[in-house]
């Protein structure tokens, strides 16, 4: 029970980070990135391939994250331009369908070229006991990286000029323009950031289990669930929902069984939408 | 093009400006100049084209004709955020604050992308002490009057050389409106160049040294404030004098 | 149509009656033509079991696409659970007939009702809570994936990963080589007639008003929410029916990928996008084209998903309304010239 709880928190922090990337892009542009998991796994596969050539882990990981970020960044600068010219429902629908298409392309590409390529980062060292629960070094390192990243993100959004600029565009794009913020730049930046975060989640997940082409859809779905429960567009909501759902995930697979777990998470998302579409911490839609 | 374009000392000069929405102009052939340190008002009723004029100046919509020069350079069609960074600040009637950010954060964004100047923030709090009391409160929870103060304060944070204000008294009770104008007068006295679009004509004419009347998208009367205040047409249309 | 109008002054009373019938049937003429053409396909491929299988699957997907077109194309409800609703029909019918032992026809009808109930509920909830497109999409996607997990998890009912062979129907013409094709063709024709009839009814008028402008539709007294739920329920029943028939036909095998999101919804979406959302024959043309393309690329199966993705991106970027409207427009401008 205690270990399931702790496991859930570790997992949940990573879920949260996965959701943040999705929620940021949606809040900013109304584009629901249904290729989020694919982009994450793409990064992990790149890391695995590079490490296969003998490159040390750290530069390989940095390169993988760069690829994940670059793919989304490139999408913002190309295909998404068409989406930004639309308004309202049309924009949302077009963004969602285009990203679905992009997701299939990446999925197909991975299944075609690298069907069995998997990233599994084995972190050496003996398990360490925390609160009476023995945790593997891999999962501790993964949590540490995730927590640090989360804190850096919070600091970035609160304390830096660019971070505040991002939030300003999410809340009132015209107001942001009048303050001298360039929304197009913010969008490109956030797409890149979201890609890097997605890649990072795939990399940290690989510290506790292998990540490959068959993880894409489940990553996307998790990101979606987390973002919805936290409130689309809310960064802190995504983290809260991530931890909450991580705990629900571990507890239900501990007590009930694995196939029910995903269903429970999905039902959580569906119920959130039906009960309070703005999510835990989201603002009511305007 | 009533006036020939001359390179003058004017900080803002608008010439032959026409603009509108979906192919239909709302303002036609607008031309005027504002000198440094001046307070100018543009008076007109609802829908006369005041907001459209400001939006066209700020490139929030693309003019169909005409030019806008600011501080000696042509800014027609320049991206809105670039215009803002040049020191032309605009406070729209809808304010466009960031509702889920604190008062302080809203002010800090006013200085974007530069590092906010604490001295300027202090001077904003000096003009609007209410904002200092509400520093940590989210902008969305402020009252209408406080939101207006914040909108002006945020614009001031960029050290603008010209401030455009669209109906700063929208939604304010008469007492608060008078108070808002007192603050604006103080800014004017400190040397800030102001252009105020207003329906509350008495307040605006008191603040500004001269004004223009806009009606159905065209400039009509113009002149020193006292002259406009004494004009029977203005009195009948905007001052409620029978 | 114009030719008939020009002649209208000269026609006698008996011809007039024929004309009325003709006018009534005219809107259904494209369906007749399409059905006649599609009916010819087995003449060429009847000797090959595998090609007939492909063609039959093409018809199945055409049925899915027409049903989805009623839900999404007509009332803008983004149901990302086409496969799941069909799967509910398929597995329900298999369970009802094989486990409970009810007659085949009864179980198929009950299965379709199950799908209708679920789809109707999804539609009703989204209307009641006034959900945006994006939230309808997420809720239905959540249902889709839950169903997928259910299928994988409840081995006792669904066979889990290995799937199940459905007994019922194995002694009917659904297990022939050629006849299933005609069964599904008949289903598609029926769906198309239904779609056209709906389009021409008051309901269809409401649908169109809805698509153009929800507010205007509401102001003109059309009960928008009722028609949404109606379309959601009807379309889901149609999906369930097609899915159930699928379970009993061919080899009689259904597994987790038979109705999976990645295998059904993706293709239906591409078919509809390709053919043209909200058009009569678009879904059928889309289904036929994509089935043909699939068969061409049969040796590059892994590339298929890449291609689907690319088709979605290109279609939505370039021809947002699909091929049929694009061609219609082109022909129209040509004729005017």
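List of remarks:
A, B and C are the chain letters, set down in written order, and residue numbers restart from 1 in every chain.
Rule of thumb we're sticking to: a residue touches a chain if its C-beta (ideal position, glycine included) is under 8 Å from a C-beta of that chain, and two chains touch if they have at least 3 such contacts.
Note that the structure is a prediction, hence the values are computed from the model and not measured.
Minimum number of contact steps separating chain B from chain C: 2. The pair of chains sharing the greatest count of C-beta contacts is A-C. The chain occupying the central position, as judged from C-alpha centroids, is A. Distance between chain centres (mean CA atoms), chain B to chain C: 57 Å.
Distance between chain centres (mean CA atoms), chain A to chain C: 34 Å. Taking each chain's centre as the mean of its C-alpha atoms, chain A lies 42 Å from chain B.
Per the touch definition, chain A reaches chain B in the complex via residues 161-162, 164-165, 167-168, 171-172, 174-183, 283. Chain C meets chain A in the complex at residues 76, 78, 125, 129, 131-135, 137-139, 141-143, 145-146, 149-150, 152-154, 262, 266, 269, 273, 302-313, 316-317, 320. Remark: chain B residues 58, 60, 79-82, 84-85, 89-90, 92, 95-101, 105, 108-110, 112-115, 154-155, 158 touch chain A in the complex. Put simply, chain A touches chain C in their complex at residues 32, 79, 82, 89, 92-94, 96-98, 100-109, 111-112, 115, 217, 221, 224-225, 228, 257-260, 262-263, 266-267, 269-270, 273-274, 277, 285.
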